[in-house]
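Would you mind keeping the following structure in view while I ask a few things?
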Amino acid sequence: MQINLIEQYQQVRNQSIQLSAPLSSADMCIQSMADASPTRWHLAHTSWFFETVILKNHLTEYTPVNSDYNYLFNSYYNGIGNQFPRAQRGTQTRPSIEEIMDYRKTIDQQMLKLLDGEFSDQVNFLTQLGLHHEQQHQELMLTDIKHAFSLNPTYPQYQPSTEQTQQQAERLSWLSVDESVYQIGHMGSTFCYDNELPMHNAYVYPCKIASRLITNQEYQAFVHDKGYHTATLWLSDGWDWCRNISKHHPLYWLRKDDQWFEFTLNGLQPLQPHQPVTHINYYEAEAFARWAGKRLPTEYEWEVAARQYGAQTGNFVNSGKLHPQISADTQFLGDCWEWTSSSYSAYPGYKPFAGAVGEYNGKFMCNQYVLRGGSCATPEDHIRFSYRNFFYPHQRWQFTGIRLAEDD
Amino acid sequence: MQINLIEQYQQVRNQSIQLSAPLSSADMCIQSMADASPTRWHLAHTSWFFETVILKNHLTEYTPVNSDYNYLFNSYYNGIGNQFPRAQRGTQTRPSIEEIMDYRKTIDQQMLKLLDGEFSDQVNFLTQLGLHHEQQHQELMLTDIKHAFSLNPTYPQYQPSTEQTQQQAERLSWLSVDESVYQIGHMGSTFCYDNELPMHNAYVYPCKIASRLITNQEYQAFVHDKGYHTATLWLSDGWDWCRNISKHHPLYWLRKDDQWFEFTLNGLQPLQPHQPVTHINYYEAEAFARWAGKRLPTEYEWEVAARQYGAQTGNFVNSGKLHPQISADTQFLGDCWEWTSSSYSAYPGYKPFAGAVGEYNGKFMCNQYVLRGGSCATPEDHIRFSYRNFFYPHQRWQFTGIRLAEDD
Amino acid sequence: MQINLIEQYQQVRNQSIQLSAPLSSADMCIQSMADASPTRWHLAHTSWFFETVILKNHLTEYTPVNSDYNYLFNSYYNGIGNQFPRAQRGTQTRPSIEEIMDYRKTIDQQMLKLLDGEFSDQVNFLTQLGLHHEQQHQELMLTDIKHAFSLNPTYPQYQPSTEQTQQQAERLSWLSVDESVYQIGHMGSTFCYDNELPMHNAYVYPCKIASRLITNQEYQAFVHDKGYHTATLWLSDGWDWCRNISKHHPLYWLRKDDQWFEFTLNGLQPLQPHQPVTHINYYEAEAFARWAGKRLPTEYEWEVAARQYGAQTGNFVNSGKLHPQISADTQFLGDCWEWTSSSYSAYPGYKPFAGAVGEYNGKFMCNQYVLRGGSCATPEDHIRFSYRNFFYPHQRWQFTGIRLAEDD
Amino acid sequence: MQINLIEQYQQVRNQSIQLSAPLSSADMCIQSMADASPTRWHLAHTSWFFETVILKNHLTEYTPVNSDYNYLFNSYYNGIGNQFPRAQRGTQTRPSIEEIMDYRKTIDQQMLKLLDGEFSDQVNFLTQLGLHHEQQHQELMLTDIKHAFSLNPTYPQYQPSTEQTQQQAERLSWLSVDESVYQIGHMGSTFCYDNELPMHNAYVYPCKIASRLITNQEYQAFVHDKGYHTATLWLSDGWDWCRNISKHHPLYWLRKDDQWFEFTLNGLQPLQPHQPVTHINYYEAEAFARWAGKRLPTEYEWEVAARQYGAQTGNFVNSGKLHPQISADTQFLGDCWEWTSSSYSAYPGYKPFAGAVGEYNGKFMCNQYVLRGGSCATPEDHIRFSYRNFFYPHQRWQFTGIRLAEDD
């Protein structure tokens, strides 16, 4: 078990370094909007997490690397202390990338020292939490640099482009969910976040869930049918959002010489009709569903259907493709995070993690919507059917997509 | 039945006039923030609703009173047409109050003409909808003018102040809800909004619900315990809100000469310790609950408890007191709208009203939270246990209060 | 002299009442933007000025009418005390119009009591200042209500429309100013503001000044020549302003059924080609001048030319037309305030008025531009060649127009 | 002459490289506010200026280096084309620093090719303009990186700190300017900007000008005397600014452990009492002058006094100190840009440069104030008595200071 944890630690920590390898030290410092953070900051913050949550409390005679870091690299833990203003992270170049890489090495040495001996269940749990935490930031490293690069008129490539498949999307079919009381939430003793617990009963009505994600081609039909100009398709807040954007299409689509392109981590590419539409926010997903005469699933419906039908698995960060691929039938994991109609809230009997990490999830249970299933930027061993991601309804810089549902 | 509807029509329509009676024509024109509307606009808009939804479609040879009104007095019905900008309603004094009162009379004459003959179930339904709609605006007339008057340093009285009771609040006890699948939503054939339907099963876990609302005295303890200065008590969005307000107490509280006062529709009054705290937003309610070691109830828990225990009834607009009074034990209706932890969303199988009034409720099912029970500004015949009110979590100009819950 | 002052006092004070006569009490309360104030506030503030500057200091045993008024009706005199927030003046309906009219009467009684006896030169001066001050607010009463009415889709008339003349504008000719050192500023012992003093020498280069104001027809040519879409015609700040407005024409122009209209105090009227273009801001005036191959005059050039050529006089509030009329040749006063290229600054040796009224002019000598000549909303006995009005370059709700100049 | 120009070209271009030498490639990419630009952008834009204004028009068969650069590195020349949004410059890392350095080398080769042969007076003039332009950006490179570093809680040093002199400031005396018509503007045939021309007569009244700049110690007295909390000391716009800042002292001052520090390009340093106060905006300079019972000089008064008394010269970028040093008596150049009370406007008969560079100065003649004399970040051969710098009154990230004046 200890050996596994050490291997897992090294694998995850190394993956962060791998993901930053294509970037120059300048690339690692930029921040293109308040929601995104520089690569540099992700690399430091994930190390700060191990240092603060584990080393300071569980390694005897541990001396913090630098007293400034507790302010500079704390994200949002008010219980731990004040934080450098989030929107200004892109103004910082010191400590330098080299100093941050040294910081990572020091933390790794100390963590391995700790894990190499006897350690408590608490250390075991917190280390796993730290690794899952780092995996979340790995996904953000990719989506944040994608956003920054998208603002550059030269359309930089994070990695070289590869050949596109000529495959077609499968015909969309409908998977039936029966009326019943179901068990929802994480089952078993493996790691999960506090927001997936406790496992609990929920009454679910009969419904049908789409067998795959909505494609670019299907979404184009909505765009061309004046979807972005038809008020009655939208939530009230969605329509307010829609009237305040200047380009009426998904975030990274681009119309050039009468053809649609899409900005990807492989640079600007012709829009692939059969790939899942992505970088869609909740308002867009909701309006598309209404236009299609359907609706979004609740997170309970999604979880029930995924457990029942989710035989296939999709495309994760492990493939290195870093873009959603054609969605397979009954594939509920990978490619795109799927918006549900469920506001992010506590399960009955929810208890936040103890201590400082109690701020990890619970305080965000307001005004956000649950997404399920992971994406092409998620590590495959990070995802599970009970996993609850959450974003504000206007946000669309993650690899987010649409799965429809309807009443039966 | 027809006669009842006519009586009901006349009673409700007359009530709007009664509520505007204490106001000067200038008072009726002001708008103190984008969320609030001038009395003048409420009086016109509610008439426009009858004209647009009923008279134009169901009274043969009906000629609209004024073609400008469809733009000026449409609130948010995109399916009907464009709307005069909401935030600018307070810049308008024409049509004048006199013209608007004439408009009301014309609409009343035409509606009574329609209701005096044979009419369809559809007309019956839409008339009831129009009357419930007008009752909602009556509540807003009171809360909107209260907000406007609150900005006036002379603290105008909407009505003269009355003597305060010296009664004490009852001791707060806890009402048990058993674990079960319950039926939620409107039952029977009487009028309800689309958002209360369909009646459906929901799995509810055992919990306890407070027997009464939180008092000013109890909320003062939170204020004095640095509640507004303790980050870890707040939702993340709530803390952002809290750091951007300058006065760290409920909206209408005022500290003067080392004593607490409260601005009411009876002018500035000493804060009454045993009255329910009111004009609390979701963030404040949620933070108070965490400080108290409790939580807010879900709307399902609230509805189950209210049906089981809600024997007593409270203080509505009918009493003329226009301020929450001491909350009785097991009183679930009246005095203050009660925040629940439930995000406002569609019930399973939800269908919006047909036609233009489909925009009445459904498009607001995003980013808002459900409140239950009605307030001191609600007409008593407007409220029911299944009634779902909804506001954004930062809003606090309604008569909103706090009922606590806890897991059993 | 005393009798003259009393007559003058009564005439000016009465004129404010006359100007508010066409308005309902609701009209008098609205505020359409932060720059504008409600009529109600103007009526109260001008009385507060007499009360605060004269009665409180110079009438023995004077008791202020209401202690709240010093906060509510102080405009910007920090030396006197805090002020109710300017942008919220439109939220106030108490004291009511009736109370404000009573306030005016009380102030008038007390002022007349003071002026009826022996009084100091200081009282004489401050009374004249108070009357000039009130005349400035009379102009604002008209431009502020015009702005408010312009936001009403029914285009209310402040007064009934009158027949339009069919006269043509005179041919624009050029008046020569010789190179010399000139005397600038107020001459003689009659009343003037501190900003017109001291009279001083200034070196002026030879130039030519247009004989009349620019007409609507001439400005239309600029609009139709893509003037609002040609960056190189504009000051840098002007271009920023221009890209942030949605309608590319003067403030009150309106395009309807392929014809130009203009909103006036007589309601919506067909645009009159030969009337001076008005409600033009500094940026627009400056861009128009560059488009025409000319420039704006400095305030020194304007004053020299006006003294030399300004034989005719124009259209003031006294005519009751309340809109610029066809501009006569060599008419430098009336119809439109004329933008100069001079930033509003202190004359050499400038001394602010003593006491609280030292804040009247001096503290605004930053970021504003000087306008000369008065307008159709100015009382004729208020204007003089040395008079310096000033507004920010983006502001255009005053009756402002364009007179061109060029180097000789 | 040609040889001189080549030497001058090489010296100035090399200086930009020298100034960026202490910075990492990441440092060169950050932008801390919309007013500031990344070092990287300055290095590219100054090369783009030579390429666009000279090489494209005057070198036969010249091929632009990269077609994207005309959009990416155009600052504000609307006549040349659209510009990448200024406020987003800090989101760009491509082209990389290496590519930009290559761009500079290519431009240098081509410029030297052009200057090595016969060339027109126009090329000679434009090359000098390009070099002066680059010198302005060198000053911005220093002030922009200083601002960025100031936001970093670790207070990075641009260069190592040096020992502080213990010298005292000289006693402030007053230099008399006589009443007369003076000649103002650039005299002679050497290079100057269009805004310094034409030389012209101006009538100047007798006044006295301070013999040196205001010191930190003198400014501290204003701070400690509640200068930032006394409304009547400030211009109206200045007071609005003052109420919206959170720290009531100069931009880079810092109070720590009851002692004043100042952030400098040498890192955080104890505040030196006798050095000139710097990073002061117009509002602060103006309020300080009023508090001191004096005023700021006009730019005419400044120029007359500087020509008459300006015997000594001060501290420029050439010294390498990069911070204002103790100001010598009758020293009008160097150390700090000195605010004048003159709004930036055209001299009588002003003609902008011909062609695209006509946008260099003229379009900014609005809402800005003139500063004179150069600073510790200005190249010594860049400054002259007629030189007119200009900034908005709220800006204070330049090395700006205060020289007082008074009427005689």
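Lettered A, B, C and D in written order, each chain numbered from 1.
Note that in this section contacts are C-beta pairs under 8 Å (C-beta built on N, C-alpha and C of every residue); 3 or more make two chains touch, one makes a residue touch a chain.
Since the model is a prediction, treat every value here as computed from it, not as a measurement.
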Give me the set of chains touching subunit C intersected with the set touching subunit D.
none
Taking each chain's centre as the mean of its CA atoms, how far is subunit A from subunit C in angstrom?
58
Between subunit A and subunit B, the Cα-mean centres are separated in Å by 37
Cα-centroid distance, subunit A relative to subunit D, in whole angstrom
46
Edges wherever two chains touch, nodes for the chains themselves; is that graph a line, a ring, a star, complete, or other here?
ring
What pairs of chains are touching here?
A-B, A-D, B-C, C-D
As the complex stands, subunit B meets subunit C at residues 24-32, 40, 68, 71-72, 84, 88, 90-97, 148-149, 151-154, 156
Per the contact definition, I'd like the list of subunit B residues that touch subunit A in the complex.
76, 78-79, 181, 200-203, 205, 231-232, 234-239, 282, 286, 341-343, 345-346, 348-349, 359, 363-367, 393, 407
